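See below for the structure under consideration.
By written order: A, B, C, D and E. Residues from 1 in each chain.
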Amino acid sequence: MTSERVREILSWYGSDNPGTLTNIARLLNTGRLAGTGRLVILPVDQGFEHGPARSFAQNPAGYDPRYHFELALAAGCNAYAAPLGFLEAGAAEFAGQIPLILKLNNSDSLYGGSDPRSALTGSVDDALRLGCSAIGFTIYPASAERNEMYEQIRDLGREAKSKGLAVVVWSYPRGSGISKEGETAIDVVAYAAQIAAQLGAHIIKVKPPTAHIEQAAAKKVYEKERIPIATLAERVRHVVQCAFNGRRIVIFSGGEAKETSAIMDEVRGIRDGGGFGSIIGRNSFQRARKDALDFLGQVMDIYAGKTK
Amino acid sequence: MTSERVREILSWYGSDNPGTLTNIARLLNTGRLAGTGRLVILPVDQGFEHGPARSFAQNPAGYDPRYHFELALAAGCNAYAAPLGFLEAGAAEFAGQIPLILKLNNSDSLYGGSDPRSALTGSVDDALRLGCSAIGFTIYPASAERNEMYEQIRDLGREAKSKGLAVVVWSYPRGSGISKEGETAIDVVAYAAQIAAQLGAHIIKVKPPTAHIEQAAAKKVYEKERIPIATLAERVRHVVQCAFNGRRIVIFSGGEAKETSAIMDEVRGIRDGGGFGSIIGRNSFQRARKDALDFLGQVMDIYAGKTK
Amino acid sequence: MTSERVREILSWYGSDNPGTLTNIARLLNTGRLAGTGRLVILPVDQGFEHGPARSFAQNPAGYDPRYHFELALAAGCNAYAAPLGFLEAGAAEFAGQIPLILKLNNSDSLYGGSDPRSALTGSVDDALRLGCSAIGFTIYPASAERNEMYEQIRDLGREAKSKGLAVVVWSYPRGSGISKEGETAIDVVAYAAQIAAQLGAHIIKVKPPTAHIEQAAAKKVYEKERIPIATLAERVRHVVQCAFNGRRIVIFSGGEAKETSAIMDEVRGIRDGGGFGSIIGRNSFQRARKDALDFLGQVMDIYAGKTK
Amino acid sequence: MTSERVREILSWYGSDNPGTLTNIARLLNTGRLAGTGRLVILPVDQGFEHGPARSFAQNPAGYDPRYHFELALAAGCNAYAAPLGFLEAGAAEFAGQIPLILKLNNSDSLYGGSDPRSALTGSVDDALRLGCSAIGFTIYPASAERNEMYEQIRDLGREAKSKGLAVVVWSYPRGSGISKEGETAIDVVAYAAQIAAQLGAHIIKVKPPTAHIEQAAAKKVYEKERIPIATLAERVRHVVQCAFNGRRIVIFSGGEAKETSAIMDEVRGIRDGGGFGSIIGRNSFQRARKDALDFLGQVMDIYAGKTK
Amino acid sequence: MTSERVREILSWYGSDNPGTLTNIARLLNTGRLAGTGRLVILPVDQGFEHGPARSFAQNPAGYDPRYHFELALAAGCNAYAAPLGFLEAGAAEFAGQIPLILKLNNSDSLYGGSDPRSALTGSVDDALRLGCSAIGFTIYPASAERNEMYEQIRDLGREAKSKGLAVVVWSYPRGSGISKEGETAIDVVAYAAQIAAQLGAHIIKVKPPTAHIEQAAAKKVYEKERIPIATLAERVRHVVQCAFNGRRIVIFSGGEAKETSAIMDEVRGIRDGGGFGSIIGRNSFQRARKDALDFLGQVMDIYAGKTK
């Protein structure tokens, strides 16, 4: 039976049809965190984004697309997110075992450029035929190409909602509009969360913000209103507030592989600030399976409140 | 029963179907100004346009999308206008309580550029499923991208009208075709109103014009024909004349937050010049709720003729 | 009953369906010149193209869109042409009283640029719902954007013809391919008429040509073949010949407001050269109503052969 | 009854439906060369491409679109090809008398530029409503815009074939990828024929090639394999071989108006090299009618083998 | 009856419909390598890509499109791949005799440019009407135009799969993102295989990789994880691993015509590394027919394990 917290969360999405609500509920009612309103999602798009060896050589089991379905399942994740090819290669075998998120756009690193835009690589109908619960889409606010991406998610989001899917937006400010440091600045991350929410995302993924403030006009307000941003928990709280006062699900990326203890500190900060969870790729699948399960178990314990 | 003034206004839109006339009537027959032919609309797109902290930190209740529905309702506004995400987050809860305007395009400030074009972020069908009475669309005459915007509103306007919605156009000259001062020059604002009217807008939003004249070819005519533009009321009268001799509804934006008395003077000027009302965002939702209600009450009293 | 001349003209359009022939006949059978095969059309797009004050301040009655319907009707014009907004504002009130031409693209002057392209601002279906007899479309041969315009009229023309409307093309060479003087050069205007005819226009509007020859390759031919271009009548005859040897209706624009006698001389030249008529905007609606009626009466008398 | 040669030619087009085969047969079974497998086609697009006076002043009868239908018919041509306007102006009057080819794209010379692309000016459905047997389309290999043209003919060709029309491709290398001399180089013309064939053309029009070799990589092969290219007949034979070993119809353009004897030499070269015929515009319609009939008669006699 | 190996391979494509599985099976069950899970495919797109003389002058029989169908058939290839024109010219005559792959995009060499994109030259419906088993599509990762190509194959791949066709992707890194040497670098080729797999390809064609490593970020990983890349077999094994751990069919191109013994060494390396086969154009059709059959027989013997 659906928990009170999940019912509360679903109540925020009053404009969505029962099909979409069902899929949001599936994401919230799966895995070890089922019913808590928290999520840990396994995303594996690095093969496309960074290349296969950089992604999988460290733990070669990851070259096999089935590995990640199984890892997400064994770890008790809420969902598994990947591009078209990776999902096609396992969706039948793992049908119905774990909610899937089809990432509809992706970018490779064989070509650079200062103002990124990901290529569309999948469609809403692909998501339906593969049994997915949601589409995933990346926007790069601050890129000269941002408007093209906003217009794509406008169309894809509307189509997904009308077909009963949930919409997950990766909102990563990047491009010639801001500095490198600005990509994780608190004002920029908060703004990125707001943009994704205004574009109609049900679930928003941002990076953990730093205390840096990028834009002068924002700096004045942060200082005048004394918005607390000293700790990660404070910053997460602010970002969540900026996503419709907490009425949209905001989750945080894990970023580069790093020390376990550093990650757990970050997860605690997210939890304490009212963040809804994590989406952790490289830190999961680049460890040996046993270590990854252990690691993800620790993360989930923190979100479940089983450990401090 | 519909007032004589509203019937008169509706008579100007003889090419529209009964569905669209019904929605224009809804806008005119709602709130404290119902039946007067005047409108005060609450727009909240600043979260997208300027960022969440700059928009809502001053009055943090505004982070919550429901706040603005409720504020517009309590204040007796004619309508509430916002982007997709903000409307999705309250349209069901407030269904049928106040006419809604879905802003179909928006621009964020993480990326600049001299010739703006807003991204499409919503659709006519979104407006329908959210129970809106109208679509809102921003054009930037004087931008190198103006033609793209004109062609978008051509398509969206036709679709909206065929589906019984009203069309509200924000006409804000901006871009490399004119100077910064020219954005509010009387000739430019009057021209902006004309363009919106020719593009088929039912309701036109412009900025209060200054006495500056931007274009040399226009200056000659203003001087030769001695068009009166010394006072705001005169300039408003001219702008309204330029919108089909007063046969299109023209309303004026509030602009940056400022002194209450200055705003009330501006509102009196708009009223005395035959303007149809105001669309006031930051000056409303950045005040504490009680102050905002008081403030909007004063504005409406002026338009209602209850105070000088 | 249709005159012999009108039947002759209709015979040139053997590829058109009866719906389109009906609308061409309507244009030819309306007003004081009905049945003569000559046309005087009132176009009012200057509010969009030049701005409202520059267009209407001289005769402020023109701010009101109904004024122009009424003026065209009272003067006995064959048709009234305007952009979407202006037609929407009067089409119901004047339904069935005078043939209407919806101008489907327009350009404003708040932004310049050396290679113009007008924005699409109306559609064929708009023309149908407003009861129009024809669509109007502007091309700018010699602009770097010319191909985009040719491809737009290709699509719009085909749609209009299939839906029983006539197609009127304003063919105004302009842009970086030619000099300013070249815009009205005899070779260029003749070429512009040919292009419009080849694109499938039923009615072609060009500017009265000067004796200047713009292109070197053309100059050789004009000189070798001794094409007579000394008088306006000769030049008009040549332009009409260049529009399928007189088997397409070619009308001439009035241009800037000027002395009445100069215009009448021009009209005589057009008539004597076998031109089919005039399309006169500013010289009509910028005069006081009584003067405009008088003025248009004189023009029509010349075309009707009632005065020399 | 269809001749053996025509049946042989039709056998090359095994992927086409009976509708398209019927139209190819119509082209081959019309006029003085009916049944021989050779074609002489009259194309008149110069009014659009070069301007009306440059095209028609020399023989003013050509200003009239009906002239060319009648000329093609009287001369016994296999078909008449022209842009939309010219065909619309005669298709009804000459219905069923001669196969028509609607040229779907055209370019005017009021604007230059180093990398040409023609504008789409007609559609497959226009060809059908005008009773045409084929569409005509120009590609400019070596232009930076070539891919856009290839993609247009991909779509138009598929549509035409599915609707039972034949596809004629004008393949004229031109643009910044090659030199002016290279436009008629043997390697380039042969390559142009191959590209058109690979794009699915039934009939390919190229220019008579010179002995110049443009591309270094090709030069090596021509020299190593000792491909004979000294005479026009040898070069034509090579070009025909490059169009699927002679299993596609390849015809040659006439080029600029020139001496009759020079043209007849060229025609003999084309015939002797196994070329399928000529498409001759200016050299036909710029002569007086009687001379043109005489001229075209000579050309056809050569192809028919009646004269050396 | 389908071999165990073929059944195993088909099991990797669990997201595909029976129509597509049937066509993959057709490719695997045809020719001398039927049932082995290995493939040798004859591709002939060089006429378009390099020009006809450079492609066919050495063995002029190849100018005739039927030659290649017959060659592929006689040699016992699994399939024949070519652009639209070449397939149209033989598909009826050879109907049902050998699986066909329609190459949907192609590039000619009359125009250069540093960032290539092939033009779309065929469609999925063309593939169906010609009786093909698969579509072929070329992507150029590392080109500035890569995203356009990814988005095209996204749409074409989805359409092909829904219509029961297989999808073959030529993945050739090329463009300003990498060096010339980098085009065949092991990290780049492996990445190219991953991208094609993620884009949903059933069969992936790459070039045989060298031991060069192009990208610094990749180099670190190859060295740290000591990925074996010294021999071609090792490199092939790595590339196959990078295509979903061997769960996608990866075949290798033959490249420029070269010594037979060098090719056979390459083929052995591909076979020993677990590659699925070769796609060999110029080395086949540029030899005399007898030599080509002999040559292809040797290649197939190696793959079949009949020779070392």
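The rule we apply is simple: contacts are C-beta pairs under 8 Å (C-beta built on N, C-alpha and C of every residue); 3 or more make two chains touch, one makes a residue touch a chain.
Bear in mind the structure is a predicted one, so any value in this text is a computation, not a measurement.
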Inset, instruction - Spell out the chains that contact chain D while also contacting chain E. - result: none
Legend entry - Interchain contact steps from chain B to chain D (minimum; 1 if touching): 2
Legend entry - Separation of mean Cα positions, chain E and chain A [Å, integer]: 36
Inset, instruction - Take the average of all CA coordinates in chain A, do the same for chain D, and state the distance between these two points in whole angstrom. - result: 58
Inset, instruction - Quick one: which residues in chain C touch 2 or more of the other chains? - result: none
Legend entry - Cyclic chain order - from chain A, heading first toward chain E: A, E, D, C, B
Legend entry - chain B partner contacts - residues on chain A that touch it in the complex: 12-16, 141-144, 146-147, 150-151, 154-155, 158, 173, 175-178, 187-188, 190-195, 197-201, 215, 217-218, 221-222, 225, 227, 238, 241-242, 244-245, 247-248
Legend entry - Residues of chain E defined as touching chain D within the complex: 47-48, 50-54, 57-58, 60, 63-65, 83-93, 106-113, 117-123, 125-126, 129-130
